[in-house]
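Shared chain: chain A. Partners: chain B in the first complex, chain C in the second.
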Partner chain A sequence: MQLKADNISFRYNDKSPWVLRNVNFTVESADRIALVGPSGYGKSTLSKILSGYLKPTEGKVLLNGELLPEKGYCPVQMVYQHPEQAVNPRWKMDKTLNECWKPDQNLLDSMGIEKEWLKRWPSELSGGELQRFCIARVLGPDTKFLICDEISTMLDVITQAQIWQLVLEISEERNIGLVVVTHNMALAEKVCNKIVRLPEISVQKPEERISV
Partner chain B sequence: MGVLNNNKESVLKVKNLTVSFSRYDRGWNKTNLQVIHSLDVEVFSGEILAVVGSSGSGKSLLAHSVLGILPDNATITGSMEFMGKPLTEKDQKKLRGEQIVLIPQSVEFLDPLMKVGKQVKGIKGTVEKMREAFRRYGLSENVEKMYPFQLSGGMARRVLVSTAVMEKSKLIIADEPTPGLDMEMAMETLRHFRQLADQGCGVMLITHDIDLALSVADRIAVFYAGTTVEECPAEDFIKGKKALRHPYSRAFIDALPQNSFKPIKGTQPYAGDLPKGCLFADRCPLRTEECGGKIQMSSVRGGKVRCVHAT
Partner chain C sequence: MHNDSIFAAGSPRLKSSGINTRKKMIIYITAACVYLIAVLIAGLVMNPDLYGVHYENKFLTPSFSHPFGTDFMGRDMFWRSIKGLSNSILVGLAASAVSSVIALIFGVAAAVAGGKTDKIITWLVDCCMGMPHIVLLLLISYMMGRGGFGVAFAVAVTHWPELTRLVRAEVLQVKNAQYVQAAVKMGKSKTRIAKEHIIPHVLPVYLIGLVLLFPHAIMHEASLTFLGFGFSASTPAIGGILSEAMKHIVTGKWWLCLFPGLILLVAVMLFDVIGDKLKMLLNPGSGNQ
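For the complex of A and B:
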């Protein structure tokens, strides 16, 4: 499988400055790509475009040469930086977990999600525990690519290492391609097999944006 | 760095702090959830104390209890001293924002409907002081007139930090000032804290970025499940695993991506369901029967540790 950003440009409206300009970028299933760059270069915007949450202003996102599906389960899934903002505070955890597919007990065990957590509210779990739910719920059988936008920055180092070990194991087992947004170079080198610097693939620099 | 503590003034001394929240269970039944238990921590003038530890171990709650800004359903016991005098609720009100300042965790602590310049200036500050603080952190004058939503992550951090240097404060509590900043900017922010400490201020730096914190901090306090498990000079963390005292701190070092990146199993116990005795026992490789009893903080090799096996 191949996920391709084909000449993508993005801005919020006709008058606003460009956030991304002519970005070309390809991910294969075997790739674990670290997407790095200073703050404000559009790393998160690109993540959202790749996973279909935002429509690019110009260019397209192609999965094996076809556009991302508009309906049904999207094969490109994304995990956010703040798990506590990515779950419905009025749903108990089992509802959140089964939001898009039904993870089996094996997966829950290997993710270290305990049965008793399913009956709790999100406010009764720590960030690391919630992040496990957020990862488990996007690992459906149709997931082919996983975009991780700073998924471990708010977590302590032990939880961080636990989460990454899981993601790596599962992505290898199921041949899922990873795109990892991070500021931590040590982490990027440990987790990824390729490093892409956003300033090198996007023509647009934040300084130019302000002058527009 | 790492100068002996005995010639420094103690700015903040927290002893045996517990924080609990009362909340509704089923119907009208109320339960108490204790989230911080017998926590000790001390900050001296002219030094940076880095507070590290697991997510949800009560690091931010400690900061909020020192400032007295916990929600109404929180109960605090234990003692807090500021500059050698007990810190009462009345003092907290008077001192916060002047002698004690907080750099909050996120931009959401700013007023979304107020221009940032006005917010940083506050009630007591002057425009000159605010401009000086902005200049110090490389924020241009047009930033003054912006609203919080117009700031990028890095700018917002610098705005938050500049609120801390408006007054000549004695204690700065910085709650996670670095996430979302790239390496250079994060280092720059920490160097500012070092400067402030060198001018005689006490800094409590709450952070997950232990590798960055090590380059500026004098001492490290490690938190786990709402209590301090180890307090030691920063050099011990740089020296590595063998110099540390608590098995949790050692596991912490092991899990860093630049080291072996190997996590230990399990999760931190839930505050409503804590084990008796050592809170780390379930995940500890050194666990014995003695770990089931009450465990006190003891002094080992120039640091403090809460573990019966520490040598």
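For the complex of A and C:
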């Protein structure tokens, strides 16, 4: 499988400045790409475009040469930066966890999700605990690419390591391509096999692609 | 083991002994509902002779046979007040039913359609909220020929703006929430998202708004009648009773305004209590207390 950002440009309306300009890169299933760049360079916007939440102003996102499906389960899934906004506050955790597939007990154990948490409201869990649910619920069999937008920023270092270990294991086992958005260069070098830097927009040069 | 689970195990548990807040609230709500329904039904099935004219009993002070005293025509104020409050609750019911449906339709339409529809509805809301409510009520009530129908109509069609605003804001907020967007990407259908995410989020706000609309409607009916634009003098109504009592208060007939005023106040406050407690019960943040 291949996820291709084909000459993507984005701005919010006709008068606003460009957030992204002519971004090109390709993610293969075996790839683990880090998307790095300072704040405000459009990393989160690009993640949203790649996973179909936003429509690019120009260019397109191609999955195996076709546009992302509008209906049904999207094979490109995104995990948000703020888990507390990504779960329904009126649902107990087990409903959120099982929203699109039924993760087995093994996965829950290795994610460090405790059984007792399933009976709680989201307001009774911490950000890090919630983030595990958000990751677990999109690791379903239909997910082909996973966009991780700063997913481990709110976790302590040990949990970060655990979660990344697991995400890497699962992505390898199921052949899921990863796009990792992060500020943390050490993490990017550890987790990913390619790094894509978003250029400053005023320069408007085509996307650099550097392999590590 | 990681740190989080250690903290989780040490977190304080809520005490399960005695009556918890939730139960206490349910008791409050039930008591308030029972009182209001009892007044409503008593008023509906009451024999009009109970507050009939008895000139021989003019201006009796409160006693066991006439708990609220009698007025200048010898009518028993207790039964008259109950009947009047019952009428007020009826008007409140009509107002809530009509206004909340208008609010729901407008609010959802504004949030879902957006663009011009949203602008027009928001403008209408601003218009209605910018005008003094009582003036609008007077005009509509007068136009509709005063009396019971006039006041009910006026109160019913003027209480939607606040609720419309509330419903619109809630629908907009939940529609753009990350978890709803994520559900779309997980391939959930529109009806399923509406049923599982949006309605459970908007319904409590709507219900609370509906309950809190009641005291407003009742107070406005009473004010209209007090000013002489509402129920006719022959129909018992708290507003009418109070405006009659104004004439006699200088001669020391205190019971004519005290008791009817009190039961109106209690009814209004009870609706407020019900609304507030419902809010706490339905809010996930405080729902577990």
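Note that the second predicted complex is superposed on the first by the 199 of 212 C-alpha atoms of A that agree within 3 Å, B and C clash if a C-alpha of one lies under 4 Å from a C-alpha of the other, contacts with A are read in each partner's own complex, and residues count from 1 in each chain.
Heads up, the rule we're going with is that contacts are C-beta pairs under 8 Å (C-beta built on N, C-alpha and C of every residue); 3 or more make two chains touch, one makes a residue touch a chain.
Every value quoted in this text rests on a predicted model; they were computed, and no experiment measured them.
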Problem - chain B versus chain C as contact partner of A:39, first or second or both or neither - result: first
Practice task
Have a look at where A:87 lands relative to chain B and chain C in the superposition and call it first, second, both or neither.
Solution key: second
Practice task
Scan A:127 for contacts with chain B and chain C and give back first, second, both or neither.
Solution key: first
Practice task
Once the structures are superposed on A, label A:190 by its partner contacts, choosing first (chain B), second (chain C), both or neither.
Solution key: first
Exercise for the section: Pick one for A:172: touches chain B only (first), chain C only (second), both, or neither. Expected result: neither
Exercise for the section: With the two complexes superposed on chain A, say which partner A:112 touches: chain B (first), chain C (second), both, or neither. Expected result: both
Exercise for the section: Could you say whether A:154 touches chain B, chain C, both of them, or neither, answering first, second, both or neither? Expected result: first
Exercise for the section: Go through the superposed model and pick first if A:162 touches only chain B, second if only chain C, both, or neither. Expected result: both
Completion exercise
Interface residues of chain A shared by chain B and chain C, listed 112, 124, 126, 128-129, 156, 158-159, 162
Completion exercise
Per the touch rule, the chain A residues reaching chain B in their complex are 37-40, 112, 124, 126-129, 150, 153-162, 164-165, 183-187, 189-191, 206
Fill in the blank from the handout: The answer for chain A against chain C in the complex is residues 51-53, 71-74, 77-78, 80, 82, 85-90, 96, 99-100, 112, 114, 116-117, 121-124, 126, 128-129, 138, 156, 158-159, 162
Fill in the blank from the handout: As the complex stands, chain B meets chain A at residues 52-57, 152-154, 179-186, 208, 210-211, 251-252, 255-258, 261-268, 270, 272
Problem - Residues of chain C touching chain A in the complex - result: 2-5, 8, 177-179, 181-183, 185-188, 197, 200-201, 284-285, 287-288
